[in-house]
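After this come two complexes, each holding chain A, first together with chain B and then together with chain C.
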Partner chain A sequence: MDPSEVEFLAEKELVKIIPNFSLDKIYLIGGDLGPFNPGLPVDVPLWLALNFKQRQKCRIIPADWMDVEKLEEIRELEKREEAFTPVPSPYYMELTKLLLNHASDNIPKADEIRTLVKDIWDTRIAKLRLSADSFISQQEAHAKLDNLTLMEINTIREFLLDSLNCMYKLRSNLQPGSSGRTFTDF
Partner chain B sequence: MSHQRLPVRTECAFPRLGFLDRSSDSEDLPEGTKMELPLWLSKSLYERKRRVLSVKLPNVYREGWRTVFTADPNVVNLHKMGPYYYGLGSQMLHFDSPENTDIAQTLLQTFIGRFRRVMDCSQNAYNEDTSTLLERLDCLEKALFQAGQSGLNGFQSWEKGRASQLTASSLVLNYRKRKMADVED
Partner chain C sequence: MSEAAFDDSEINQDDSQEDVMTPAELIAKLEEAWLNEKFSPELQENKSEVVECVMEQLTHMESNLQRVKKGDAKASIHRMEVDRVRFVLASYLRSRLQKIEKFFPHVLEREKTRADGEPSLLSPEEFAFAKEYYDNTEAYLKAVALKRMPPNLQSIDMLKAVPEPCLDSFVFLRVKEKQENILIEPETDDQREYVVDLEEGSQHLMRYRAIAPLISNGAVQLI
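== the complex of A and B ==
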């Protein structure tokens, strides 16, 4: 899976905007988007919010979790815990990147937020690599990982699956009666 | 990979096949000749019952090297040991050596031991020259390294915003065909 595909899936998340135009309710295949009145907040999917913002038709309101103190708490929690902590949003990385690139004027302290989210990402990826390493070295059959986001899984997916395939082939060497098999795709 | 040569000893005579062994002058190969045959040939000729060939294990899979691998798999230069260490090792199990289980176990443990190093190198070396890291890896590990690098590069280019930018294909740039704008001048 491409990171762009993950970003596409992330764009379905709802964000709050304040439009500066008025429009009646629109009926799309994915659902209805409520009537737009200037100055009144309304929930729309992220793709629409970014489109309006680029045409200067709205102001985006940051989500609750996109706040310096909250993110600092999450970062400290992540550093203390060994397991993965629940994330503020299943697409926190993509939301941060998109909103900070297009709407940084609506978000207070954008640079600090960017740094904090990057720290949280680095901590989680390091934990992911550690658990992948212990998974392989102890030759476990399955592992349970809660609270992982799609983007994190996506960066390690190809590598981990290929390694597990190789390990499986090497392990099946140990089984008796399998020496007749050919391993031509090594 | 199957072009790798293995030292074999013939158990029966091969009439009129003397040309296979470069060092002998005779027209046919007597029983007990020691020579090197490629893997694909050895594998097809090997049969437990008819005793056509017996294959000698290459040094890398023998007792001496096996202890080195169990001690610390990370220091070994697997590229020098035969670039297809894991692949050839798995094929050698086909030849029914008494040390088969030990060989299979060593292969697995070496892989597990080196996994951490391969993962760290591939996931952290962004936009750097990786040739020093790669030279000690065998072909299987190189393929894994490429997979890790592609995951990392994909994520980094997405984060920079380069993923959605259109760039001219290198084929078009190198083709140097006259562009329409130049022709119209």
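== the complex of A and C ==
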């Protein structure tokens, strides 16, 4: 899966905006939105919020978790724990990147937030590399990865799955009485 | 506001009579089918009802959009949503076609040998495509190489010639309905097989073969 496809899924998340225009309710296939009144907050999917923001038709309100103290706590917790800690949002990385790129004027202390989220990401990816390594060396057949987000899984998806599949094929050819079916190369 | 060229309530009314699902649920189902198809090593069960309903929604929206003058505020929002849904649908269908091309003899064999009550693997168009692909490949191989072979070597068994999908590939999944006692087969001789319980909402990495039947009944979602 391409990272832009993960971002596509992340863009469905609802965010709060304050429009500066009015529009009555719209009936999208995916649900109803609005009505829009200037100055009154309304929830819309991120893809629409970004479009409005780019056309200067709204202000985006950052989520509760996009706050320096909260993120510092999360970062400390992530560094202390060996396992993956619960994330503020299943799409925290994508939301941070998109909102900071397009709406940094609506987010207080944007640069600090960017650094904090990057730290959290780096710590988690390092843990992910370690656990992928031990998964392979222990030749496990099952792993539970509850608090991992889709973007993190997607980073190692191709490499990990390809390696596991290759190793499986090599091992199953060693076992006596292997079925002799042909497998694809990838 | 704008002369509603969109009698938006139309859409919801029509569908509540025909479908059991709301349009939003329909789109969610399409996205689930898209992800499952993308990440599974073999072709998934055909979801033609979902595809047809989504196509209906899209053509309805498109025709509304044609009737409206450009620059209408609502039109651009609807247009963006239509583009997003169209992307998912196109990607889903493309994914299926890629797998049909890759595993064409096995796909046709599965379709031939399935029991009457089971849902079909291919839509009628996909079936026609697979058959044509099979015939074209066979004709090509004959014309290019086989007819120059000694007479006793001029046939080809497609089922043996084309590799099967590897059902032992690993996949990532999220559990939607709690499952008990999923058997995990051992990798090497010195390991034993064991069972795991899948809690609702948890995410796992395991072999596709262990959870294949759970995908079609919606108990797990590939991610």
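The rule is short, and it goes like this: the second predicted complex is superposed on the first by the 176 of 186 C-alpha atoms of A that agree within 3 Å, B and C clash if a C-alpha of one lies under 4 Å from a C-alpha of the other, contacts with A are read in each partner's own complex, and residues count from 1 in each chain.
Going forward, a contact is a pair of C-beta atoms (placed from the backbone, for glycine too) under 8 Å apart; a residue touches a chain by one contact, two chains touch by 3 or more.
Since the model is a prediction, treat every value here as computed from it, not as a measurement.
In the superposed model, A:Glu7 makes contact with chain B only, not with chain C. Of the two partner chains, neither chain B nor chain C is touched by A:Val42.
Of the two partner chains placed by superposition, chain B and chain C are both touched by A:Arg157.
Once the two complexes are laid over each other on the shared chain, residue contacts for A:Leu28 go to chain C alone; chain B is not touched.
In the overlay built on the shared chain, the residue A:Asn173 is in contact with chain B alone; chain C does not reach it.
Once the two complexes are laid over each other on the shared chain, residue contacts for A:Leu145 go to chain C alone; chain B is not touched.
With both complexes placed on chain A, chain A has more residues touched by C than by the other of chain B and chain C. In the superposition on chain A, no contact is made by A:Ile61 with either chain B or chain C.
Applying the stated contact rule after C-alpha superposition, one finds that A:Ile18 touches neither chain B nor chain C. Once the two complexes are laid over each other on the shared chain, residue contacts for A:Asn101 go to chain B alone; chain C is not touched.
Comparing the two complexes, residues 139, 157, 169, 171, 182-184 of chain A contact chain B in one case and chain C in the other.
Within the complex formed with chain B, the residues of chain A that make contact are 2-4, 7, 97, 101, 129, 132-133, 136-137, 139, 151, 154-159, 162-163, 166-167, 169-171, 173-174, 179-180, 182-184, 186. Taken together, the chain B residues at the contact with chain A in this complex read 1-2, 84, 86-87, 90-91, 93-94, 96, 100-101, 104-105, 107-108, 111-112, 115-116, 119-120, 122-123, 139-140, 143-144, 147-148, 150-152, 154-155, 157-159, 161, 163-164.
Across the interface of their complex, chain C is touched by residues 1, 5, 8-9, 21, 23-24, 26-31, 47-48, 51, 135, 139-146, 148, 150, 153, 157, 160-161, 164-165, 168-169, 171-172, 175, 181-185 of chain A. Contact residues of chain C toward chain A in the complex are 1, 6, 8-9, 11-12, 23-24, 26-27, 31, 38-39, 57, 61, 73-74, 77-78, 80-82, 84-85, 87, 91, 102, 160, 163-166, 168-172, 184-189, 191, 196, 201-207, 223.
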